[in-house]
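For reference, the structure is listed below as structure tokens.
Chains: A, B, C and D, in written order; residue numbering restarts at 1 for each.
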Amino acid sequence: MASSNKKISKRDTGKLLNEWSQEFAVFVPSRETGVATMAKWDGKDTSFLDWHRNTVIPPKANFLPAMEEMFNFQRDKEGYHIELPPQDKHKQLIFGIRPCDAKALAILDMTFSDSYQDPYYLSKRKNAVLVGVGCTKAYDSCFCTSLGISPAESTDVDLMLTDIGDEFLIEAITEAGKKLISRSRGLAEANEADETRAKASKEAAYQKVTRQLDTDNIKQRLLANLENKDYWEKIAAKCLSCGVCTFLCPTCYCFDINDELVKQQGARFRSWDSCAFPVYTEMPMENPRVEKWRRVRQRVYHKYEFYPMSFDVTACTGCGRCIRLCPVNWDITQALNNLPAKV
Amino acid sequence: MTITDISHRRKFLAQGNVYLPHIVIIEKIIDETPGVRTFHFNFKDEKLREEFSFESGQFGEYSVLGIGEAPFCISSSPTRRDHLEFALQRVGKVTNALHRLGVGAEIGFRGPYGNGVPLDLLQGKNLVFVGGGIGLAPLRSLIWNVIDNRDKYENIDIIYGARSPSDLCFKYDLDAWNKDKAVNMVTTVDKGDENWTGKVGFVPQVLEQAAPSAQNAVAIVCGPPIMIRFTFPVLEKLGFTPEQMITTLEKRMKCGIGKCGRCNIGNLYVCRDGPVFSYAQIKGFISKEY
Amino acid sequence: MKQESEWEPKLLGLLCRWCSYAGADLAGTSRKKYPANIKILKVPCSGRVDPLFILKALRLGFDGVLVSGCHPGDCHYQTGNYRARRRVAITKKLLEYMGIDPRRIQASWVSAAEGGKFAEVVAEVTKELKEIGPNQLFTPEGKGYGAKATGRG
Amino acid sequence: MEQKLRDGAKALLEQGKVDYIIGFEPGSLKFTTTPLITRDKDDIDRLVINPFIVNNLSAYLTELEGRVGIVAKGCDSRSIVSLIQDKQIAREDIVIIGIPCPGLIDLSKIEQLAGKDRDEVDDITREGDRVVIVVDGKKQEFPITEVLFDNCLGCDMPTPSEYDILLSESSPLVTDKTSSRKKIEGLKGTSQEERWSFWEKEFSRCIRCYACRNVCPACFCKRCFVEESEPQWISPVPQWQDNLMFQVIRNIHVAGRCTDCGECERACPVNIQLRSLAKEMYDIVDDLFQFKAGMDKEAAPLLTAYAVEEAEDFIR
């Protein structure tokens, strides 16, 4: 019996993307600038199909860009006039998002739709289709499996693709995914053998993730070490207080808001900000996190203690970017695994 | 009824694209102290002028367009709605720019944000207001609110201090409350001058001397962090439980709506879950992080 | 480069208050004619000029920057102008490497008595800036913000 | 050399001559090391020396209080000397454990040669002036100069001249000054407009994480000009114009302090060619003033010093 899933040969995936390009702005993993990022597809190059890792710039940048105009304004005799920037009406299709990064978007959704809605993030999110592609390799920094995420499975995407050799198995996860499949040409029905291959591929991917984070009682262990200054000071010592780990974290959402002005015209921007920077919390009279260990502690606690308290989910997906891209190899898994059991 | 968690009381009154400021016009400027000014303002849009509502303790984000945005509480009372007020000290880029503005200038305003003071829980109670410096701004909104509904509350004690006589804010209010027989008002300064005949001493000490009863009372504390830190132990000594102490906190903020991340105390965002907290809510974090 | 005839370069003069600023003053009072293209900013010493000021001026759209101080040996603070000399030298070289015409960064020694020299320097620099054309280094897509400006977001 | 280092470092801590030891320990990823900053002698056995000790540890000196024993390669030792020139640290508070540096291996060059990501490479070993890379069980050999960092190829001082302990006498570093400047010369061969648009493109990627600044020992300012708001010199919004201005000013501010350690470019998560800026500034300073950073602890810092007779042909 045929499964309800579809498949497509890797050779024809370019055609499929071309078809989707009629309807969407298609983004794919690109290393053209020397930095892997989700970039607008050029309509030709499909080399990213053979590159099964996550990007340096996380896909969150497609929804919460490094900088974004919030509105612009002009001043004339009648006073100020505030206008929203023109919106890109094209729907985004993100092809090749990894399960860790897709989960991260689901986490960001919580923050940006909690209490007040964030129109900039949510309008882009509502207008996007996520096509996940399962990993077949893992970096030695990856630890998604410790956080209950499989490198080749996701429920946070619309379509999920699994590498089964020369083909991808395509699973529709959401209604939007099902509709997209039903109007896409060139897809074949998957058979039982394909499903078996997909299962093996997923299992193999799972085994490739070797880094382990000890999540047993992690909230309690953290709470017990909240005031363990010696520990935090020691592990914070080598941190440079740069923004790499937070800017490139797929679940970090902190931002700054700043105005720009040229003559009577100006605009307000938001841009990524980081709890690693001392100025982040600086007030005229005092700064609650002027010491480095407090900032390092904040990052760890926000992800593993505070965010779970608010939203019942860990704000980390084990993508490993913060470990891999840190200029001094500051490793959050070590920081957590080495938490003293008794203080 | 006790006041433990007042964060869930937060109201989301602002609507639409919450990041877009409304244009408001400065109607009056009062020099409070050499570095502090009060601005009276009103919405440019007639409809908003009518419809805008807020609660004591809530704050807004005020912007000088092209320079930037900063949060300040609404210092006027919702019971006196012909205009709105906020007060600020010159300390940085935005506050400097605001201080350069004159009457008639247009600024951006968005809000109201935050939870406000749980007035219903204060009804029928003795209220002890403890304020320091410009920390009187949020208290003042509440104090006028309470005075305008005087019969709903029991005793009102106000203990207010500043560094020096010239640093006392809202002197016209202090005069009015001093004259009001239904209010017990104590004003103090850290250091007097030749004309000062009132009390001299830090707010926590003066509070201890005044020793308001904790019986059926709620203390509302607002001032510089150092004052807040030293006031809680005094209140505890006087018999106040953490559930009987309310404070409004100040942190660096940008978005005002719980997104941009920087104003957290533990898992609470001061902008989203506060700025009004019961001491019971924050005492676990306050000693270290605040 | 072809220019629109009405375009006039904007030059920022960072002038030492002890000499070049007085020199500019003298040029004015003695009715020496020099182009009105220069906007003058008085600095306590040419040694106060951080290369940051030069970059900021270019970022703000000035077409050129003139740093002017006391002749060698005449610095009110003994050595400020020598330090300025080093800073301007490396700034000019690095900016040239970056792709900025080095003629946008100019320096001169003008004493309080050299009103005439000041006028000449401003005239020469203005002429050079006219040859180079407007500074569009930082604003290739049109100035300002909002719907009219392109390529933003 | 490693054992000598451990013995020396342990003795320093035990004898109370230093409060901290800063060195390298194995990192948590393949072919990486990570800074070890410790007061605990039990940590000392983790100290290593290998071709991946990339960090310039002198960046930590200005934030530690007390006396510090620090492992320093040639370029690091120059950064230390430069900090002494600038009176950021006192010579007597620092015990320099010098490593004659054989040159460090640039993993991105390995990746290019191997056609694999760094964690898929099985082994990298240096054998004299060759490097052996093992991928999927297959050995490949290359001249060492093909895998060393560009800045190592241009190194002016592999063996520290300022030290308290020197772990061995000479360094086997093979330099190649031409290759070291290859990217820069390539850029210089293009037109003024092309150069500007090259940098525009580079700085369009910048996300303003400040890794370049924070990793740099010469960037020791307590408060950087980018964090000033009154006046605000550059916008905090990462537009390429402000990103570029930040980096140009940073390079001018560290002129005469930069030892071409290459850390700015290595730390950059978005691969901006920062060394092409830093190295050019380094050479400009050398050409104009015959000044190389951190060579002489008695010398005055470049930008506070002067000579009466100095090139001023550009001054009217």
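By our rule, a residue touches a chain if its C-beta (ideal position, glycine included) is under 8 Å from a C-beta of that chain, and two chains touch if they have at least 3 such contacts.
For clarity, every value in this text was computed on a predicted model and none was experimentally measured.
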Could you name all chains that are in contact with chain A and with chain B at the same time?
D
In terms of C-beta pairs in contact, which of B-D and A-D ranks higher?
A-D
Using CA atom averages as chain centres, what separation in Å is found between chain A and chain C?
46
Between chain B and chain D, centroid-to-centroid distance (C-alpha), Å
50
Go ahead and note the Å separation of the Cα centroids belonging to chain A and chain D.
31
Chain D: positions in contact with at least two other chains:
none
Overlap residues in chain A, where contacts from two or more other chains coincide:
73, 256, 258, 260, 266
Mind pulling the chain B residues that touch 2 or more other chains?
92
If you look only at chain A, which of its residues touch chain B in the complex?
70-71, 73, 75, 79-80, 82, 84, 111-112, 114-120, 227, 253-261, 266, 268, 270, 273, 275, 280-286, 288-289, 294, 298, 301-302, 305-307, 309-310
Chain A contact footprint on chain D (complex, rising order)
27-30, 32-38, 55, 59-60, 63, 117, 119-120, 201, 205, 207-211, 213-215, 227, 235-239, 263, 266-267, 269-271
Quick check on the complex: what are the chain C residues that touch chain D?
51-52, 55-56, 59, 72-73, 79, 82-83, 85-102, 106-109, 121, 124-125, 137-138, 140
Within their complex, chain B touches chain D through residues 92-93, 96
State the interface residues of chain A toward chain D in the complex, per the touch definition above.
33-35, 53, 56-57, 66-67, 137, 139-141, 234, 237-238, 240-244, 247-248, 256, 258, 260, 269, 271-272, 274, 277, 279, 292, 323-325, 327-331, 333-334
